[in-house]
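Next come two complexes built around chain A: one with chain B, the other with chain C.
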Partner chain A sequence: MIRAFVLSLAMIAVALPAAAHKLRVFAFVEGETVKVEAKFSSGRIPKAGEVRVMDAEEALVLTLPLDPEGMTSFPLDPDAAADGLMIEVRAGDGHSNYWLLTPADIQRGRVGQ
Partner chain B sequence: MRRLRALTAGVAMLAASVAAAAEKPVIAAVNYPLAYFAERLGGDAVEVLFPIPADADPAFWRPKLKDIAAIQAADLIALNGAGYAAWTTKASLRRSRIVDTSAGFSDDYIQTETVTHSHGDGGEHSHAAIATHTWLDFALAARQAEALASAMARRVPEAAATVDAARSDLIGELEALDREAAAAAEALRGRAIIATHPRYQYFARAYGLDIRSLEWEAGEAPSEKQWRDLTALAEETGAAILLWEAAPPDAARERAAAAGFADAMLPTLANRPGTGDFLSAMRSALADLAALAPTD
Partner chain C sequence: MKSLRLLSAAALAVTATAASAHYGMIIPSDSMVSQEDGRAVALEVSFSHPFEKAGMTLVKPAAFSVTHEGETTDLLGALEPATIMGEAGFTTEHALDRPGVHIFSMTPEPYWEPDEDAFITHFTKTYVSAYDDDEGWDAELGLKTEIVPLTKPFALWEGNNFQGIVKLDGEPVPYAEVEVEFYNEDGSAEAPSELMITQTVKADGNGVFTYAAPSAGWWGFAALSTAAEPLHFEGVDKDHELGAVIWVHFEEWK
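For the complex of A and B:
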């Protein structure tokens, strides 16, 4: 679990400097749950937002709200996620961004790597 | 029987060659210059993955999940750095497989205009951006090629000998291109130039040119407002040279000429050119640029 968290931090650290003042979205799988985090590059947490989950064909699978901490989670549907998931967050004022979870990412999260 | 044995051997050889091709180390690149460098450095020893469609700007490409899955599986992922290709921050890319080819000169990145705006409850604030098209300074492009070569030799040891053999030729040709650009720019020094798109910050700095930029869409006909913006900028700067990033409609070139502008195409080559390669396409563009210099 700790390893997965450290790996996640290492991967998010790849984000490059010109993404200044953008909404940053990060999603990962932990067991059978998909967790989503959104934060502005300034460090500010979006107070509200809509999370749209799409499959590999970009068909909408579900929508759910961002909580006041800029996070949300939902149960992993292995069928819908078979070819990966695209997680898009819209935080208002024109700020939106996305994160791509490939089948390999999902598998790593499910087995706790 | 003999024919059957020969056929079997032929099939086995074909299968082995297909398997060998399939097992080549894969180098993924975020833009065409890096893909070209990887092709030159790796030759037949590697497969270069550059999945961006020909009509897309790699800087703003939005990959599909299958694209990211293929890139994640690459042995090495060549990033331009300087914030180029935002998609690279929207998926998990293993740090051990990444080479940021401009990290070695990050102190030389060019900051672009500071943008001040406000939204939400955050109040008015500013942030600066970084110019991304580093490879248009061909000396920096050579440093990016060096960084890529080192990463390929380290990360893909089976291709190290091929990379080492190709490295000096590629670097030498990029250094020669740098000298050609300097020579082409020499006769244009002191003359203001207007570019239709803000892509030439590194080119302008490297070769001592005064290039101001508009925000026209590459390859599209400018609107009336955009023509007025051009007129205003030309009056402000005295510019009579116009650089296009991509070929505009003929009518746009004719109108620019009627307004007194000499023009040339200077493609960034962020994506693969229709003909030629990075070096030949850039040399051709530099020759067109040099032809704008007064002959007297």
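For the complex of A and C:
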């Protein structure tokens, strides 16, 4: 189930560089907030970056900047996130990657499990 | 003819005894869990002869935990009794809430092995990477005895070397003996000699050993030493074998 969802969203992501230059992106839901973290495989934090949030239909929901700690957060929009979210981080120079928040991830984070 | 019969009778007797070494085992469903794979890892915990798939009874361990970013969480209560390789073992499933390396570790109760007239305790661990993040792959847990990886203990091709430092009480063990055995999960591997079931390498003077795995799959490394303090069995002092065991997965080269 998770694989099917991720694969469908991953189709959106094929335009991104496959190796993604080792930028690592992770996102999770805490209550009604989506939290995003990015770092390089070296452990270093990207100095700047753009976060693009898309819904399961590939529609852009919002963009926002990474903070100097390589993180950001935004309020969860339950309607836009109904079928999951793809959170892409572009840190410049082709360094980009994404995290797919599945409906199960979102549900788990909202109920605090 | 008589000698042949004797030989076959002897061979029958021998088949009942596993020729390989004992191993504490923690085998995860995946050593590298990507976001496409899911959000949890399943684990099989046992005490077995991995090449011959011969199980032994594992009573509830003294400790079973996961360590992530330096924080250790007790998972003993999450172990579910299960039959593994025909004998009592445990399974569990663990949610991987964060990226990075999650190290699963078991300290069993000492196992009385009458055939060897000794107790055996295998401090067993394995490293699982979550979501393509390998931070923490070289972490040392501070176990009584431990193999500290010098090679990332996952994301290895078959044929790669694996290197580690054998430690006892936090100190390297010069020329430590390390037994190496393949988990013959699908039974397809065959050993031309009993000597090939468990291979042995020695560490160098700094406690560093090296082994190149010839095939993909799970490989167990057990560095053995004898505890300074004996244990007692029926009022008699008995040797206590301490094993530092690490399970490492090698991937097929395609």
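Heads up, the rule we're going with is that the second predicted complex is superposed on the first by the 92 of 113 C-alpha atoms of A that agree within 3 Å, B and C clash if a C-alpha of one lies under 4 Å from a C-alpha of the other, contacts with A are read in each partner's own complex, and residues count from 1 in each chain.
By our rule, a residue touches a chain if its C-beta (ideal position, glycine included) is under 8 Å from a C-beta of that chain, and two chains touch if they have at least 3 such contacts.
Predicted, not measured: the structure shown is a model, and the values here were computed from it.
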Between chain B and chain C, more extensive residue contact with chain A: B
Chain B versus chain C as contact partner of A:61, first or second or both or neither: neither
Partner chain in contact with A:24 - chain B first, chain C second, else both or neither: both
First (chain B), second (chain C), both or neither touched by A:105: both
Chain B versus chain C as contact partner of A:43, first or second or both or neither: second
Touched partner set for A:84, first chain B, second chain C, both or neither: first
Chain B/chain C common contact set on chain A: 10, 24, 99-100, 104-105
In the complex with chain A, residue positions of chain C that touch it: 35-39, 97-99, 131-135
Touching residues on chain A, where the partner in the complex is chain B: 8, 10-11, 13-21, 24-25, 42, 44, 56, 58, 83-86, 92-95, 97-105
Contacting residues of chain B [partner chain A, same complex]: 63-66, 68-69, 72-73, 79, 81-84, 86, 88-95, 98, 100, 119-120, 122, 125, 127-130, 132
Chain A to chain C touching residues, read off their complex: 2-3, 6-7, 10, 24, 26, 28, 41, 43, 99-100, 104-105
